[in-house]
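Please read through the structure below; I'll follow up with questions.
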Amino acid sequence: MTETRSGEQNDPHPQPAGEADEHPLSVLLFSWMRSDLFDRMFLAGLGALCAVLAALELVIHRHDGGGIDSLPVFQGVFGFLAFALAVLSGWPLGRLMRRPENYYRDQPDKDPDNTVEEEKEDGHDG
Amino acid sequence: MNAFIDFYAAPPGLTAHAAPLLVIGPLIAACAAALSPSTRSAWMISVGGTIFAFWMALCLAGEVARNGVVNYYMGGFAPPLGIAFRIDALGVMFALLISGIGVMAALFSGHTLEAEIMKGKRRLYQSGFLLCVAGLLGLSATGDAFNAFVFLEVSSIGTYALIGVGVDRRALPAAFNYLVMGTIGATFFVIGVGFLYAATGTLNMADMSGRLATLGDSRVVEAGFAFIVIGLGLKAAMFPLHGWLPAAYAYAPSLMGVFLSATATKAALYLMARFLFTVFGPHLDFVGLFLTWVMAPVAGAAAIICSAQAIFQTDIRRILAFSSVAQVGYIMLGVSMASAEGVSAGLFHLFNQALIKSALFMALGGLAFNIKATKLSDFSGVGRTAPWTMTAFAIGTFSLAGVPLTAGFLSKWRLIEAAFAAHWLWAVGVIAVSSLLGLIYAGRMLETIFFRAPVSEERAGEARFGVLVPLWILAAASVWYGLDASLPVDLSTAAAQALGLAPAGAAP
Amino acid sequence: MTVDRLLDIAVTINPGFYLIAAAVWAVFARGPGSRGVALLGGPALALLALLYAPASGTEITRSFFLGFNMSLYRPDSLSMIFGFGFVLAAALSGVYSLHREDRMQDSAGLLYAGAAMAAVFAGDLISLVVFWELTAVASVALVFARQTKQGQMAGMRYLLIQLLSGLLLMAGVVLYGLDAGSFLFADLGQLHRGVLIGMLDIHAPGGLLILAGVGIKAAFPTFHNWLTDAYPNTTETGAVVMSAYTTTLAVYVLARCFAGLDWLVWIGAAMTVYPVFFAVMENDLRRVLAYSTNNQIGFMVCAVGIGTPLAIDGAAAHAVAHIVFKGLLFMAMGAVFMRTGTTKASELGGLHRTMPWTTLFCLIGAMSISALPLFAGFSTKSMIMTAAHTPAMFAVWLMLLFASAGVLEHSGIKIPYFAFFSHDSGKRPKEAPFTMLLAMGLASALCLAIGIAPGWFFELLPYRSVAMAFLAQDLFTADHLLVQMQLLAFAVLAFVLLKRLKLYPTEQPGVILDIEWLWRKAAPAITGVLGRLAGRLGVWADKAFGRAGAGLISGSGQIFAPDGVVARHLPLAGAAIWTVALLSFVLILAMSSPG
Amino acid sequence: MSTGETLILATLLLPLFTAGVIRAIGRAEDVRDTITLLAGIALAILCAAMLVRTGEGDAPSLVLAHPLPGLDIAFKLEPLGALFALMSSTLWAVNSLYSFGYMRAKRETNQTRFYMCFALAMAGVMGVAMAGNLFTMFIFYEVLTFATYPLVAHKGDAAARRAGRIYLGILAGASVLLLLPAIIIIYVLAGSTDFVAGGLLVDKAGPATAGLLLALIVFGAAKAALFPVHAWLPNAMVAPAPVSAMLHAVAVVKAGVFVLLKVSGYIFGADLMHANPVTQWLLWLAAATIVIASLVAMTKDEIKARLAWSTIGQLAYITSAALIGGAALTAGGLGMVTHAVGKITLFFGAGVIFAATGVSRVSEMRGLGRRMPLTFGAFLVGSLSVIGLPPFGGMWSKFLLITNAFDAGQPWTAWAMIASSILSTMYLMPIAVYGLLPPTGTQPAAFTLPGGAPRLSLTPIAITATLCLVLFFLAGPIVAFLGPLAGGAR
């Protein structure tokens, strides 16, 4: 912990992107991601890949269980929908179930007035 | 009695006359003490007289062990003309007890009379004490109902006087009360004996017993029975007739406390047992009814109520006195079972009780020089300043409360055993509860004595050596008989047999 | 005694004991050399013991202990693969934790690994219970090692739940063994194609209790919150260690005891699905990984429930692979946690600039868990998916497929994306220490090794021939690769589209309610009320007893005291009256007697 | 006199003699303390010798006195007694060492009386352990009661005296009112009170009588602290820490359950325990005691009160084993040992903390373990053992107890034990864990004692904590040793 905090203090003023303290490996491996080209082409590329994968079904014979999975591009469509469902359900569920950070009153005290109450709560949790 | 079978304590000539000598010895000593030149010589005579009596009791024990019963006719005149002594195992047990305690009390008296009795009266006091001893011994040895009355009164009259003589002013009313109640008891007793004489025409107890058996249902006999048991009940401090006892024991000079607590009520109990079982016999309906419906409940009540009263006393001697009444309850409870186990357990308890109570009063009396007051609180922390005295006191208290490894424990054990064997479960409960109460008052005394801070610094000092010797003999006896009770068990079993109660066979 | 003889004895010792011995060493170890001996020597010894282990199915120690037959070491092909996984985990976490000297964590970690390993090789239920409990004791130390109030409380909750699991297991084992007349695995079940699996009957006395006990450790739904509670609350190394053993051990025990139990299919399927939703909402990335663990264990549980040789192989293989890639992900998050002090997605982002190695390894882990072909997860999970892909279990297969897409979402994308890319948090932490990177590198290599050439790995599986056949005929076929790539590519497409459309929920701080609410919020409130009530009751009872006692004393005092009732009614002057009364009574009694 | 008789006599006399010597040389503190320690070690060696002989089947025996016909003060070793004697004597030696540190650090008064009563209490324990019949056992049971009273009331203030009165009142009261009559009734029924393998009362008492007697004994042996005769135990916590540790974790309370185990095995026998109608009720009561005592323990902030309530619950485990009888007695015997070692460690810890810092409330101990790592570490070990977790001895006893409860068809007892394990975690673990972790709120109390924890008291904690671990491996041999008690192997 202490090590971490000191690490944080070492550079208290983070600098903007594209900077000198970037790791050389990072430049090598990941800098292309920040390029405009990548930004523009990524979605298109991905779409193309999906199209190719769908088209390949015509060439490659697919084993299936005989149910709806015999529909064309079943796994692709299912993957897309499943992903979307999982992500989109985060909205309503989050509203329903998200509570403030210290909901369980187990965070270190930031508010000195809270101390007394915290102490009381401890007994029940043990 | 097997312990005494090969026991020849004296030359045969002396042994032959042991029965009268048992009584005459202390009587002569009493006269000698009264006439002796000094307090010290009176004390030595007193010790000598009691030792002689004890010696004679031992001789008798040997004779009884060998022959069963010792009959002795004064001047060779057989009853009904002559004065007859008839000593059986029960009598021997009491003779041994009374004379033994007498020796201890006499030893003890040498160092305490100075503190409690005015200078001029000390020799007479020794004399009175010996008279008491003689009376009680006579009671245990006589075979004649009227003589029993005489001996009872000899000892009682001595007692009344001796209680009142002390420096404690409160002793005077106590003695007066005792006198009144004791006399009522004696009168009842003699009235009862008169009834019996009218019915049977004899005063010899053995003869009386024989003739009563043939009489059948007789109002006269029944009236006599009632007067005798109530009269003796008064003397024995049977609940609720015990009112005289606490004050008498508590305020008397300590010599009397030591001696009376061990012997006086016990002698009356002896006589009562004698009449209940030898003269009348438990086979008579009214005796059975009395035992079951009067004696047993009254004894149980005594064991509980008086133990509870003892808890609340502030005066340490009154604690012991109430405890005595409660113990009488135990003994009577045993006797009222009318079984060999019960009676022998009761007598065993009686024996232990005599040792314990005299030891306890002795310990308190031994400190009379140092502690004038008798309040329990005055004894705070005495355990630290007088450890030897108070350790003996503690042993006595343990035995009183029935703590294991003491004689008192074993006799309570025997009592419960007998009660269970007689299917008296309520009596088991009574003894258990009363023992608990006993623990409480014992604990209260010991806590004050050992665990509280002393009241003041200068209150220090042990009892004198002369007191410690008999005190520790008694305390040691309590422990010894707690480890090996064969002697008192033997004595009490033989005594119960002498009363005509055969062991049920179921006894282990 | 010759060296040979010593070696003969050495290989008959449960390999877990070597790790436990190393744990004892670690208690006293100071300095990097000595610590290295413990952290690496222990696993090395255990690995040797594994390599020279006796033939499958032999009972080595059959001691008569406590009046029960116990078998401390019974290796077979099922235990070997799990043992192998635990050795890997111990070695990797050993390397990973070299950077920080903390003897308590070192020894607790080794003890934990040793206990888990010993449990896997135990040949009877009693030994299993003992080592099971030992894992709880050892692992809780790792939670406490966080040394924050949050950690303390989480640790207590963790310990209680683990203990509850142990007690249920113990009670179940006792009942089961008493009923069956033996506690030995060998006596309780029979071999299925040479492997002792599914040996317990759920309907026998105690069977359900055992399942419940194991179920808690396997984080069955509604019992899963100890996992999401404890893992985010340990130290950076603690989570790595913890992720490897407890749940994996539970999978092993399920396979050993309940393989083929159809409930497990549905329980497992449910386990794969619901964490997906929680993981989406969750902000703390280590907690996301905990949900992800839950989800992955679901696959294994489901496979165990299917119970065919291929499914069992899949469960075992996936369990070991999961140790590696989930360990790798936790290592990466641990490095982030160590360097930044947090793993909250809302506070992270853009770390790839200064932590590229960590980023790289994390990505390998993410691809592995997402089952991208040529990565470990693909090789192992495929077996499970194939085993489940039957008409009879079509619904289950769909659930697993949904969960696979979900994994990609939370572990494949969310973890690396929010930690290392996403919007720039401005944090510029140092790269992780070398030993940490080394451990991550080794784990990554393993992921690739299992993914690219799984043959050597499949050799270790319980049903070796089935696994080899699967490798030869199914794994790298074109249609298999195609459908997997379809699933992943379309899902990624969904991600990118949702992101562009701003439909992807932003990361926001907060706590997500889960079933734990019951014992973290409701139970304390209820016990608080009850406690206050009981306290009042106690005070009242104390007072009542006090009053009763005082009343008894004063009452009996009024009766028995020197001036009390008894004394008043038995005064000296009244004695004559009593005498006469008693005399009359005795007279009447005597005269009324029948004679 | 044979070797066996000499051994028994020496075992009895050694503590008595020690008590005398302590009394005589009370002023010379160092000599006195050394003698106490040496006596403890010597006694442990004697007990070990007896244990070995008993294990070889050559149990020493001795008849000391015949107070009444058919009633002997007799001693006869058997496995359980030998184990109890060895356990108590070993822990006495350890506890003596602890006492020196504690009593000196606290500058307690009346230390001579303290050590003397301790030695006397050990004589009582030895007597109870070696007793050959119920009568002898009762005698020494009472000796133990009375010898420990001054220790409980040691401080001598009003609170201590009150506690002493409750202690003596309940213990002596129950034994006089209930235990003694029961023993006498047994004596009347069977003609002796000897411990007989298989049961003295077999064929001598009907189920109803046996039930009555059992109830009398279970409540009469109030040292076993079954509800509702438990009240003395929390009250006795006014005593100094070594007393609580030795007497209320080892000697006194274990004497209570030891009596129950012996009575179950050697007076009633398994069949009579099973056949009589009272056993079931008592088992339910024991189960209730287990759970309720644990719940109460959770509410106690005062550490010794918490430990005392924990003891009440744990004793009921062993009482349950005694009630189940038969093979469960072995489990009870093992539980007796493991709980003694675990609990004495906890009491040692509580005492050292109190001596060093004056803190006796759990809520004030947060972070204290940073300053007293050894103490709190040992406390953790003791906690784990008492809870019943590996690798500590308590695990095996808990396991065996639960096994036997299930085996005997007493699932409620087993479930009560399981529930109590959870509860015991909740009341024991926070003490050590919160102690060892850095404080979160206020800073922990400072040492009031210069130099911190008394050195002499730390060694014993380390010893007993180690013993907790050792017992994990010794459980097998102990169970094998106790085998004859269960009437053969299972």
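So that you can tell them apart, the chains are marked A, B, C and D in the order they are listed, and the count of residues begins at 1 in each.
Definition applied: a residue touches a chain if its C-beta (ideal position, glycine included) is under 8 Å from a C-beta of that chain, and two chains touch if they have at least 3 such contacts.
Fair warning: this is a prediction, and the values are worked out from it, not measured in the lab.
Between the contact lists of chain B and chain C, the overlap consists of D. When the C-beta contacts at B-D and at A-C are tallied, the pair with the greater total is A-C. Comparing the CA-atom centres of all chains against that of chain D, the greatest distance is found for A. Computed centre separation for the pair chain B/chain D is 44 angstrom, with centres defined by C-alpha atoms. Chain A and chain C, compared by their mean Cα positions, are separated by 25 Å. Centre-to-centre, using mean CA coordinates, chain A is 59 Å away from chain D. Centroid to centroid, with C-alpha atoms defining each point, chain C and chain D lie 36 Å apart. The set of chain A residues that touch two or more partner chains comprises 108, 122, 126. Residues of chain B in contact with two or more other chains: none.
Contact of a single residue of chain D with at least two other chains is seen at positions 426, 429-430, 434, 440. Listing the residues of chain C that touch chain A in their complex gives 100, 147-150, 153-154, 156-157, 276-277, 280-281, 337-341, 350, 352-357, 359-360, 389-391, 394, 397-398, 401-402, 404-406, 408-409, 421, 424-431, 478-480, 482-498, 500, 503-505, 508-514, 520-521, 523-524, 527-528, 531. Residues 177, 181, 184, 188, 216-217, 219, 222-223, 225-227, 229-230, 233-234, 240-241, 243-244, 247, 285-286, 289-290, 293-294, 305, 308-309, 311-314, 318 of chain B touch chain C in their complex. Contacts from chain C toward chain D in the complex involve residues 63, 65-67, 126, 129-131, 133-134, 136-137, 144, 147-149, 151-152, 155-156, 159-160, 163-164, 166-168, 170-171, 174-175, 178, 531, 534-535, 538. Taken in their complex, chain B has these residues touching chain D: 402-405, 410, 413-414, 416-417, 420-421, 428-429, 432-433, 435-436, 439-440, 443, 447, 451, 482-486, 489, 508.
Residues of chain D that touch chain C in their complex: 295-296, 299, 330, 384, 387, 389-391, 395-396, 399-400, 402-403, 406-407, 414-415, 418, 421-422, 425-426, 429-430, 433-434, 436-438, 440, 475-476, 479-480, 483, 489-490.
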